[in-house]
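Order as written gives the chain letters A, B, C and D; numbering starts at 1 within each chain.
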Amino acid sequence: MAVIIRNGKVATASDVYTADILIENGIIKEIGTNLPCDNHEIIDAQGKYVIPGGIDAHTHLNLDVGIAVAKDDFYTGTVAAACGGTTTIIDHMGFGPKGSNLKHQVDVYHGYANGKAVIDYSFHAVFQHVDKDILEEMKDIIAKEGISSFKAYLTYNYKLSDAEVLKILIRLKELGGVATVHPENDAAVNYLREYYSKNNMLSPIYHAMSRPVECEAEAINKMINLAAIAGNEHLYIVHLSCGLGLDYIKMASERGQKVYAETCPQYLLLGEEKYKEPNNEGLKYIMSPPLRKKQDQEKLWKGIIDGFIQVVATDHCPFDFHVEKQLGKEDFTKCPNGAPGIETRVPLLFSEGVSKGRISINKFIEVIATNPAKIFGLYPKKGTIAVGSDADIVIIDPDKEVTLTKEMLHENVDYTLYEGFKLRGYPVLTMVRGRIVVKENKFVGEAGYGSFIKRSSTLQNKSQ
Amino acid sequence: MAVIIRNGKVATASDVYTADILIENGIIKEIGTNLPCDNHEIIDAQGKYVIPGGIDAHTHLNLDVGIAVAKDDFYTGTVAAACGGTTTIIDHMGFGPKGSNLKHQVDVYHGYANGKAVIDYSFHAVFQHVDKDILEEMKDIIAKEGISSFKAYLTYNYKLSDAEVLKILIRLKELGGVATVHPENDAAVNYLREYYSKNNMLSPIYHAMSRPVECEAEAINKMINLAAIAGNEHLYIVHLSCGLGLDYIKMASERGQKVYAETCPQYLLLGEEKYKEPNNEGLKYIMSPPLRKKQDQEKLWKGIIDGFIQVVATDHCPFDFHVEKQLGKEDFTKCPNGAPGIETRVPLLFSEGVSKGRISINKFIEVIATNPAKIFGLYPKKGTIAVGSDADIVIIDPDKEVTLTKEMLHENVDYTLYEGFKLRGYPVLTMVRGRIVVKENKFVGEAGYGSFIKRSSTLQNKSQ
Amino acid sequence: MAVIIRNGKVATASDVYTADILIENGIIKEIGTNLPCDNHEIIDAQGKYVIPGGIDAHTHLNLDVGIAVAKDDFYTGTVAAACGGTTTIIDHMGFGPKGSNLKHQVDVYHGYANGKAVIDYSFHAVFQHVDKDILEEMKDIIAKEGISSFKAYLTYNYKLSDAEVLKILIRLKELGGVATVHPENDAAVNYLREYYSKNNMLSPIYHAMSRPVECEAEAINKMINLAAIAGNEHLYIVHLSCGLGLDYIKMASERGQKVYAETCPQYLLLGEEKYKEPNNEGLKYIMSPPLRKKQDQEKLWKGIIDGFIQVVATDHCPFDFHVEKQLGKEDFTKCPNGAPGIETRVPLLFSEGVSKGRISINKFIEVIATNPAKIFGLYPKKGTIAVGSDADIVIIDPDKEVTLTKEMLHENVDYTLYEGFKLRGYPVLTMVRGRIVVKENKFVGEAGYGSFIKRSSTLQNKSQ
Amino acid sequence: MAVIIRNGKVATASDVYTADILIENGIIKEIGTNLPCDNHEIIDAQGKYVIPGGIDAHTHLNLDVGIAVAKDDFYTGTVAAACGGTTTIIDHMGFGPKGSNLKHQVDVYHGYANGKAVIDYSFHAVFQHVDKDILEEMKDIIAKEGISSFKAYLTYNYKLSDAEVLKILIRLKELGGVATVHPENDAAVNYLREYYSKNNMLSPIYHAMSRPVECEAEAINKMINLAAIAGNEHLYIVHLSCGLGLDYIKMASERGQKVYAETCPQYLLLGEEKYKEPNNEGLKYIMSPPLRKKQDQEKLWKGIIDGFIQVVATDHCPFDFHVEKQLGKEDFTKCPNGAPGIETRVPLLFSEGVSKGRISINKFIEVIATNPAKIFGLYPKKGTIAVGSDADIVIIDPDKEVTLTKEMLHENVDYTLYEGFKLRGYPVLTMVRGRIVVKENKFVGEAGYGSFIKRSSTLQNKSQ
């Protein structure tokens, strides 16, 4: 069946213009004016923005962190994503049993997603050890599995050593894969956690104090220099939270090295004072890296404006405040790390960014859709509104006023970090491959409609 | 008559995708796949880039510099522009008789352009003095004449004082106009010219030495600070030539001030050693600011990549080497300032930028078309390929190899700065409002086809 | 008569050690341990710092600003200086009758100082116009008058144009003189003063708002670039008040250009909120440049630590709050600019700097004595404790606690900017050329004891 | 016996003045003019600089690197040092048998030095593992052994992990010790060495290529951030060779963190092109970090001028070119790392620095003597010319012209890196504690005259 979206303000990472969009077989077939209607379903978008569906390059559905399992699975999580204007996610898979090869978790995650996801999805592969076999296997993961990005952790149980990191950077350069990295200095984090534990400083604020900006920034800068040594030009820093890390990224850029950086709404909008909220509500914000200071938030916005930060993702990893998060009630080190956000990303960026005049509508689209698509090999199938692209389309009513509350959201968790935030502008329709899946904040899609998207090597996929 | 451009790689400042473009009445009516052909003219663009026509925001047609008159008028100049892939120019008008109001030159230039121009055009108004009447008149120049950008010179006979500059910055803020500025410290330039003259240092290299980077950079930084004081957010630096000036612009950006900057191909590709060429050929390169050092060129490319330089224009102002330029044979101070470039801008940026991998195709389009359109109020009529926009379209064959020579160019002047440059990629078709004006480097348009484009106040025209 | 200062902690810009100092004929004759006493006067300095007398490179005694005359003359002003631990001043002379040559004011100021000054002194010559005669006369001012530094104003009635500034920078390079400059953009200041006046915004805070940091910083950066063009390596920025100006100075240094900068205690310790004090007390702080923000203060301290600011002087120019300052009661533009500070500089820097751990005792001495002596050609006669140097010596009791009040000070003015400041460390003895002039905050010297110090060209006086 | 040095230009880190110096019992007893001579030995220093003896904070006498032993022991090495104007060294001890405690090597090195050294000396303790016992032992090493600085290696066999580094930084903060660190990323160095080995790229230039600036700079920046986390303010980077590392140090300083840095003459004066010299002469320059590029040398000089580099030491570690260095003839990885320099440091810095106008005489003294003394707790006993200080004095004839050759030097090794360097200015006399040990380049001292200097905790020794 064919659909025409009429008269919307079609917006891309560079343009805004008024037009009709004709969709056939899930693909954008024509963009034009006064397109003839012949039994098409008509969606009136007059006065509204018609934008490419959001791409969330950093989610953790089904994630098992040992002491708890993330509350959203590929059904509830993608329903929430869709309601918030996101049409594709790239999930960061969890670790498998000790010694697992890369394929193991790919299979597990296909099992999680298949028949469940309501929007399209991909995975980032994850290293839990590095040896000859793994380095060899990477080739097939890209070529056969269609997964061309890999995650390295510098902290937690499966952290990689410098030698291992170097090997994967060099291998990814050969294969054309993206190296995404969780950068925190493991030794420093461990030292500080022990220190605060020993001194009985266990309330949520010590979570932030045990992961100071230097922990993160040091690790970012290490990755930058190892990538330079490896000649790797596809280093991608996940969840950048601090100005110091950004400074290192800018320094690298000054000397001609390209580094991609992702931040998240929580680092743009919330500060570390949240950890001191009464009734242990600080537990809600326990995530790594932690929330930072006001000046960090300002520097991150500046980083988006200047193009040193290319992506805004979520790191969505939800636990109930009244259940799992309470594990940390007496001791922050016992609290599962992570917070929800998959549904609020696009609305927050639109309202706090575009409506408040911090960024243009084009920059907004760039960071929530176009750049993640380009960096991770989804483009031009995903990430823009162009003829031939998938009809992953979101309609935003720029004048709609919404007060965020847990109740209106679809995330399967008992709180939102943004309770009470007053937004101007909100998605009113979400379409995935031509099919409407959300209408006026109601999910109208179907489990299993989402499909896995194979992504190709960066060697075939060049864009600045 | 309607036209379909088939199967090209349609490129904008953010996208590249394969599609057909349907043009009716000079406007892009539809973009789609397999658009039905019904008596349309078909242009096959398979394997080629289909890009928005170039916009040259800095030309000097018909310019009378006192000792000489620029060799290109609105006919020859726009023919050359069209052949080089440019479909709109914004000309910087010359000064009128002493005491002229702003309208005077607008009328003169309409006289120059009307019936001559083969592509569309606009003008930048020019200040030759500032008083109450002029400040008052600015309102009508924008509202009635449709000219919303103004040029201030900080050197030459009609240079403005700091007090005058402040007044126009404040006035332009009120009215929503762009302040374009030629920044050079007049006192320093004069001092150095006198010094070299007195010491009989009169060959072309002393032109460069009499205008060191500090002359330009000082004036840029003055404008930045005066704009900050005035609260003016539409300051536009013309023909940035040096890294030091760029550093000041970046510093301003670091503290949250937006400043637009334009550079030109000559500053990206040619160095001051050119002034020492034998047989007085250095005269060819006498322009202000002068050519700089290798490291300046590198910093300017970096400035484009990082987005601190938004526009590449030409400052096209041609004089014959064997005639007018010879006035400077014995004394560089007698040589008319300026050089040709209106035809080579788009091909040079494509070949040196895109083909050599320095910038992406999207960044290329951004700086030669989209950004100038947005900054100067031509967008979205001009500057992109989108439904509803003017069908100002250029087709580039990315594999075409061309060696630049004076002979193949259409500029009405006896030399090119780029003689012998080997290019990969060249425009093969130029269309203005749906009409083909150049085909395979042959002009097939008509004098007077170009029309004057009114531009609106920046108050109505917001984009980042 | 000979004196021995026993057992003090002798401190210089690089050293601290315990020793005796033997003084004969006003000169430091020996430094040693257990120097034999033979009819010498003995001063016990056990547990105290023995430092070189302070040099205040920026005072305005007797200054006539048209609407008022500074309250301190060369007697009261130097008494206050001596009580505060300063043993030499370099006064910035006021302007003479229109058309005066440089010598005119030198004579006037010798008249002011002769028979009055109780400590040693020199003058900075001042430009009120620049022509051939003045450029010629500069030679004699240095060679015959022994005045090798010159002041240029970029604002106020006798401001110099860029062309004039260039001429003096070039001339000073030839002659080996220091170019001191009061940097503020005159047009911007005038525009803003008129603007606030017209809008009846006349209370003291508008003084600050009419001289924003960009006014000062722009002028600083202009001087930096003009000095670079002139090849002048002795540019000295007076009363730097803001971080932005410092940034330009650091940028210059990064590219290898040496620029000297002076700040004053008021810019290190007081913020613009002072202008809003009740009862019009904001008038006390009206000076140019005005007080700035907290972050400026922090950047200036950092500038001292890192060596980009070499000198702390006072710009001492006192008017009674209850008399002259009241001229500005209804309108800040009518208030004479300037504030007292000649007596509090050394104690404030010691207490806020050394006692609070911001700077070392060596850095303290460097900025209050050694650097001004070196930069302005007084060294090694003045500015250090070394054999052969003048015995200009101050003893500071690092443990003495003092609360600053108007009453305890000797400045001939009815207020201090630092009323109520609690200091730790205060001068307890001041000696000029071997003669004690202040003892425990009591002046025991004599009018006319101070003598004029001839200073030589920088060509003879090289130090980094 | 007492000595008077007559009429020299006595120079310190801040002053230069002409005076006599009276020395009794090895101590500077008086500095004065026309000191009475009463049976004293008189040294005429008219027209010459009298400076504090050089302090070389980085030597490796007797060092056993496994495949070779450094050719200079505490006799030959200190004779050479003395002839070059150095009067104190702080030797970086080698590693002991596996599992050795800190005291073990202290005893071994006392054995090496005792009865041999001809000038005074101290040691830096060296970590070869870190555990509870070592952390405990550190207290006694400082308090009882008088060794308050410790060396951590981030590469080579006994490299420390991040966790270990953090522990020692925190412990040193408590105890008041200096953390000196050899910063190179071990994994990267190993990877690159293997890579070049595997590819048979084994000539000396690959030594430089296997240790790119990023290896060093990454490790420097890691140390900076770990020190910030630890709150340690006494981090000291040894042998800084590159501009990128300096950039990180400056960034740290910008945010208020103090980091000390040392460079060496070879990094200031020699470039990586040396590795390509014919006849395998590149082996002479094999040291870690390697020689860098011209722009690195320039940035390092700038770092000295601006005060971001406080110390110039040597890393003296000599092997004969014709013997030990030949081990690397076929394979750079087999070549013992290190080069001689203990004798040439002071003359090179004077000639290339002071005589060539790059730095002032004061800055020269600061980096070769005063700063190392202050940082490492030798001051004011050592490092300056002041009453009460040890009479460690060097007389430099600023006009003496010397061409450096292996023959004229006293280092026990068959080459110098500086063969053929033409110097202006050379030491003509070296005195240690009042005793002349070198006269006109002839050693006249005696084995065993040098004594071990105990150094105290930085907690007692505060200076900026």
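The rule we apply is simple: contacts are C-beta pairs under 8 Å (C-beta built on N, C-alpha and C of every residue); 3 or more make two chains touch, one makes a residue touch a chain.
Bear in mind that the values here come from a model prediction, so they are computed numbers and not experimental data.
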- Item | Chains touching both chain A and chain D, listed by label | none
- Query: Which integer distance in Å separates the CA centroid of chain B from that of chain C?
  - Reply: 50
- Query: Where the CA atoms of chain A average out and where those of chain C average out, how many Å apart are those spots?
  - Reply: 57
- State, to the nearest whole Å, the distance from the C-alpha centre of chain A to the C-alpha centre of chain B. 40
- Task: Provide the list of chain A residues touching at least two other chains, using ranges where the numbers run on.
- Result: none
- Message: I'd like to see which chains touch which, written out pair by pair.
- Response: A-B, A-D, B-C, C-D
- Query: Considering the complex alone, what residue numbers of chain A touch chain D?
  - Reply: 161-163, 165-167, 185-188, 190-192, 212, 214-215, 217-218, 221-222, 225-226, 228-229, 244, 247-248, 251, 255
- Under the touch definition given earlier, write down the residues of chain A that touch chain B in their complex. 10, 12-20, 22, 29-33, 35, 253-254, 256, 302, 305-307, 359-360, 362-363, 366, 370, 380, 384, 386-389, 462-464
